[in-house]
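Two complexes follow with chain A in common, the first pairing it with chain B and the second with chain C.
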Partner chain A sequence: MSTDPAQALLLECRRSTQTDTLVPYNAAVVTTIIRQIHTIHAHLVHSLRSAAPPGDELTPSPTPPPAVMFTSTHHHLQIRRLKRVLLVYHAHRLNMLRSMLHRAHLSVTHLLPTIRPLLSSSELTFIRTYAQIFMNYRAEFIDVLDIAAAVDEPPKGMWVNVRVVKEVGEVITEAGVVDFRKGGRYLVRRGDVEMLLVQGYLEVVD
Partner chain B sequence: MSDWNTGTSWSNGQSHLPSPSPEPQEDTFPDDLDNDRTDPISLLVKAWMTERCSPDVMSFEGELVGKIMGYMDAQAKLIGVLKIDGASEEDHEKIGLVQMELDRVGWLLRSYIATRQEKIMRYASYINSTPAMQTRLSVAEQTLIESYQQIFEESLIRDVVGNLPAELQALDEILPDGRGMVSTPDLDKAVFIRTKQDCGPVLMPDGTPLEIKKRGIHLISYRLVEQLVLRGEVELT
Partner chain C sequence: MVYLSPPTSSHDATRTYLTAYREILANRRTRANTPSAVVLLAALEVDSLCACRMLASLLTRDGVQHRIEPVAGYPALVALKEQLSKSQELHTLVLLNIGSMLDLASEDWFGEFGQGVRIHVIDSRRPRSLPNLFGVGESQECIVVWDDGEVAKLAEERKAFEETMFDESDSDSEDDDDEEEEEDDDDDEEDGEGTPRKKRKLNGGAAKRERREKRDEYLARLDKYYTAGTSHGQSCAGTIYVLATALERADNALLWLAILGLTHQYLSARIKRSTYEQMYEVFSDEVARLNVSVPGTINDAGTKQQLTADDTGIRPSEEMRFMLVRHWNLYDAMYHSAYVMSRLRAWNEKGRKQLGGMLAKMGFSLQQCQQAFIHMDQDLKRSLRAKMDNYAPEYGLIELTYASFTRSFGFRLQPLSAADVVEGVGALLEAAEGVKLEVELEGGRGGGEWFGGSKAWQLPTRSEGKENRPLAPPPAKEGEKSTQQAEEEQREQKEEEWWVGNFWAAYDALGMNINLLRNSLPLAMALQRAIVRQGTALISKRAITQTKSFRLATIREGPDLALFAHPSTLSRLALWLVDATRNWVQSMQVGRKKRLLPFVIACAKEEAGTFVVVGVTGAGEMGDVRPNTFNLAFLEARDRSGARTRQVTFDTSVVEVNKEDLHKFLETLAMRAA
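Right after this comes the complex of A and B.
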């Protein structure tokens, strides 16, 4: 078991990708790593200062002794790695949030209740603003085409067999009123029930 | 009544999508290469394939997308009118078929837009700092990724780099070994190409020329054939 906090974050990213789930924001580890970076950075600055000849900042400094070179390179690489890990972790989460929002048909109100406890405050701001930005982009096409609809599978036919997972009640479709009772199976037009499928009221049966 | 399957309407059986009427079976691969189809749907299919296969962001087919959106709008309105008029059983069947075609074309267009959107967001920071790339985007796409990059970086600054020592706050550093923090499209990625005409030799990285003949199929690094793709002499598949 690794005790390296950076490794732990990377592992979290990997697990989250493999299982396609968002895991809670790991504020504790992130803070630890930021502290580590500060400590190492302080060491680095200190060792460089002590190696520089005192007093004459103007003359170009000669190459520091190998010991200092070695330590500072080592520190520098460590900092670079830690920073990169932090950025990877956060970028991974933001991308994941983005794809979750798209899967939820851009509806923040629908998505947020389930994932809110998992987010940091800036991630919350991000996803809200992102939904806004994307709505503006979507408005370009909305008269003719809803680009928020899923593109995972091309439409195979007009009709789709659905099973009702959660009680819906009566829904007015283009073909008339359908009464979706829990557990029932219906053959309906895909376009009519797209939203109910996304919200998890219905399920496609093959 | 049968406005939708006459003349130059977009669902006139020229479509690559399975059409209701049985199409002649001679539509095989070589013919497809020789007689270039130029109806909007075929062009959209082509643009969509190129976009999906290319590692780089291609130019936005604004005119084509506008045209197809126009057709879709007209068809949708027509269907609306016909439904209200109370069509016969047989007409309902026809309306259904047109609607299905409409769904499919809509899906194709959505997939095209989504593919681009995914790419431009991944490379947002690179595109925003490269004017040559920006010309390949539609105005709406440009606005989208500008704001996107802004909120993305804001979030990273608040959670990460804002808390680091001042010298470490850059988000666009280039490391001494040449790797940058900004991700750029990987032009060396291998792509499958199908050639539409003789293109002359292409110089491989080791100096040997590779003759690219008409109807050839190659698996090759995108960078080597980028110009041929942009000129339309080869197709990505």
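Right after this comes the complex of A and C.
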């Protein structure tokens, strides 16, 4: 089974999980598998048709001959396996994309440039819609709780000391305009710069 | 115009630090509270660094968003000013050890900033620009000078300043006044002869003459004030500490920073010993107040003490004048301190023998002394102080100790004395990045590995521990703009980056980044080693020439050239030379009047094609400080010789002179002072 494309796909998933990186969408293998499924399905239909006695549709034979039984079961299991592999692959990718989106604070515009070439077109639609739905849901109680905020590192306080990693320029915050320049350190409200911290323009110093 | 007095009594009607601070806080509510609104500018010095850290922590606790920018010198300040002037939000600008000599309200500096911007000046440097203190007018209202009670003593200068200012405006309005004044000038020349013409004009000109004489007197007084030379008043950190006490928010962390500021001033010979002791009294009261639960004091280095894991208390202690003695070995600590150097003349073989002899007499074997201090025999450590007291005076080592403080760091680090931290942080400021220094590895001596290794010091990076560190960006392709100007720009850019990095490294080390602080100590040792190496080389090679008014040393080559291109390292070398050669020089000049000449030292800055020139005044006694008059001397020498110089730092006694003009410049300097 080493040449089995499905196996390759599973291996890819596994590596991707272990290294926590998104690999490009493997459209070629996915198409191959789908084609495989179609072929096997054709075989299955063919073998079943050939086994059925012609013209006797009203009273089908209770059990087909063992040879037909064996082939069709085999084909059926093959199809099921391939289907599961495809499901696993896509579920893995969607999970990955979702977690990436959450890490990027639900900012599709920030996330996309880096991962754009890795996505298939339907995945693209998915994260766009997902972000949109999530934003709509979040907006209902954003004043009380920000469910998009990360919880692995709870904030220590309202204020945070940041240094500028990449020149940002002027940023409009709730209180006014901040001009982030390289070389200086700024004490700012955490909420104001959360986005910039996530995007890597600023860095927290203790 | 505005100057603040320290808040001595709370019912004082005058404006104090408190009013200024509350004003900043009030702005937070009424106006925009963004980091662009409150900007702290700090010079690259340990003192201003401490002050910056303190002020930032006060502001943080009050929830005032702020921004901190290190400023290395005038070019950087001008660039920053340009940037800030565009900001709409800015309402408070705090200058820490920057610009007390500048006429800040003028159009060249912050005059264009408008009414809304308050500029607070906290600077220990004296003299200060009088317009900042006493000037009137709308733009002057924005300048707030935090004074340490000195202004009260400047009553005469104030009067002189006010008189002359109004006088000038008078003479501008009256045209014929000038003519008469010219005539008066003639009179003055003939004054001694007492011509009849004078008598004739006496009645008419008497009042005017009187006024003009008065004016001359005032001008003379102002002149005297400005030309008295640079000295230092209350440290920046001390000023902020006074504010903290007035706010009733003083704690150990702030106190420690204030102590560091003071110690830095003392160690870099900015304040006299008497001033230091006076301030020490104040701080030791504070230490006693804030560290009540800490029993016992450290009487000398290495005495056993009870430490607990969370002990971060400050204790008063007697510090020996040996460099980093707790962290080095005894021999090196003694050899590398200017104090021992000057008494024993340890730069030659004879002096070194004397040092060895003294240790032998005390019963300290050389092997023990080369051992890292913590690994020295306990009984030797314990008896060190008493032995030193017994034997040191024989070698002229009197006043071996000075009063200071030690701070514990729990179990994370040995207790550090204020001087240790100042040396460490100072070394970070000067050499954390930008220059390469080899530091000795621990355990390289006294039975350690055969080849006591050394490695290049490196700033522990933020991404330490991460495996995939981003590679350094490849050098930019130099296709189109390989012109010299582009190169120059690139160099400046690079230089700027490393001093900014140094500032933040030092800033972090002060903020209880224990690792960094610990790593800074070997760096300080390496730096001191380089200074002593260069200093002894200069002395033993007789590279110090003497003119009538100062002694001069020029460094044109050597392994540490890049190191000494840093002005403050060069100043330290100069101070070391003054200290080290003090007794020697005095004994040399037996016949002549015993006078210690100032020291001028120049170091080539190769990549820039310039020389950094530093002048320090030597005081006759250790611990004494004389005002530094090189500021004006340098200016005058520049004007007369036409040398191309520029002032890069806020230190007034440092200039950068173009390579070709150096000779001319120094010659003029010698002539001028003679």
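Keep this in mind: the second predicted complex is superposed on the first by the 164 of 206 C-alpha atoms of A that agree within 3 Å, B and C clash if a C-alpha of one lies under 4 Å from a C-alpha of the other, contacts with A are read in each partner's own complex, and residues count from 1 in each chain.
We take it that contacts are C-beta pairs under 8 Å (C-beta built on N, C-alpha and C of every residue); 3 or more make two chains touch, one makes a residue touch a chain.
Predicted, not measured: the structure shown is a model, and the values here were computed from it.
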* Kindly classify A:Pro154 by the partners it touches after superposition: chain B alone (first), chain C alone (second), both, or neither? => first
* To do: With the two complexes superposed on chain A, say which partner A:Ala91 touches: chain B (first), chain C (second), both, or neither.
  => first
* **Superposition-derived comparison: chain B or chain C, residues of chain A touched** => B
* Asked: When the two structures are overlaid on chain A, which partner does A:Thr21 contact: first (chain B), second (chain C), both, or neither?
  -> neither
* Please work out whether A:Arg181 is in contact with chain B alone, chain C alone, both, or neither, and reply first, second, both or neither. => second
* To do: Would you sort A:Gln7 into first (chain B), second (chain C), both or neither based on which partner it touches?
  => neither
* To do: Give one of first, second, both or neither to describe whether A:Thr39 is in contact with chain B, with chain C, with both, or with none.
  => neither
* Asked: With the two structures laid over each other on chain A, which partner does A:Thr73 touch: chain B (first), chain C (second), both, or neither?
  -> neither
* Kindly classify A:Thr173 by the partners it touches after superposition: chain B alone (first), chain C alone (second), both, or neither? => second
* Structure fact -> Residue overlap on chain A between the chain B interface and the chain C interface 158
* Asked: Contact residues on chain A for chain C in the complex?
  -> 158-159, 161, 163, 173, 175-179, 181, 183-189, 203, 205-206
* Asked: What part of chain C is in contact with chain A in the complex they form?
  -> 32-37, 56, 59-60, 63-70, 83, 87-89, 462, 496, 500, 504, 507-508, 511
* chain A-touching residues of chain B, taken from the complex the two chains share -> 69, 72-73, 76, 83, 96, 99-100, 103-104, 106-111, 113-114, 117, 121, 140-141, 143-144, 147-148, 151-152, 154-156, 158-161, 163-165, 167-168, 171, 175, 181
* To do: Can you check the complex and tell me which residues of chain A touch chain B?
  => 30, 34, 37-38, 41, 79-80, 83, 86-87, 90-91, 94, 98, 120, 122-123, 125-126, 129-130, 133-134, 136-137, 140-141, 143-147, 149, 151, 154-155, 157-158, 174, 190-191
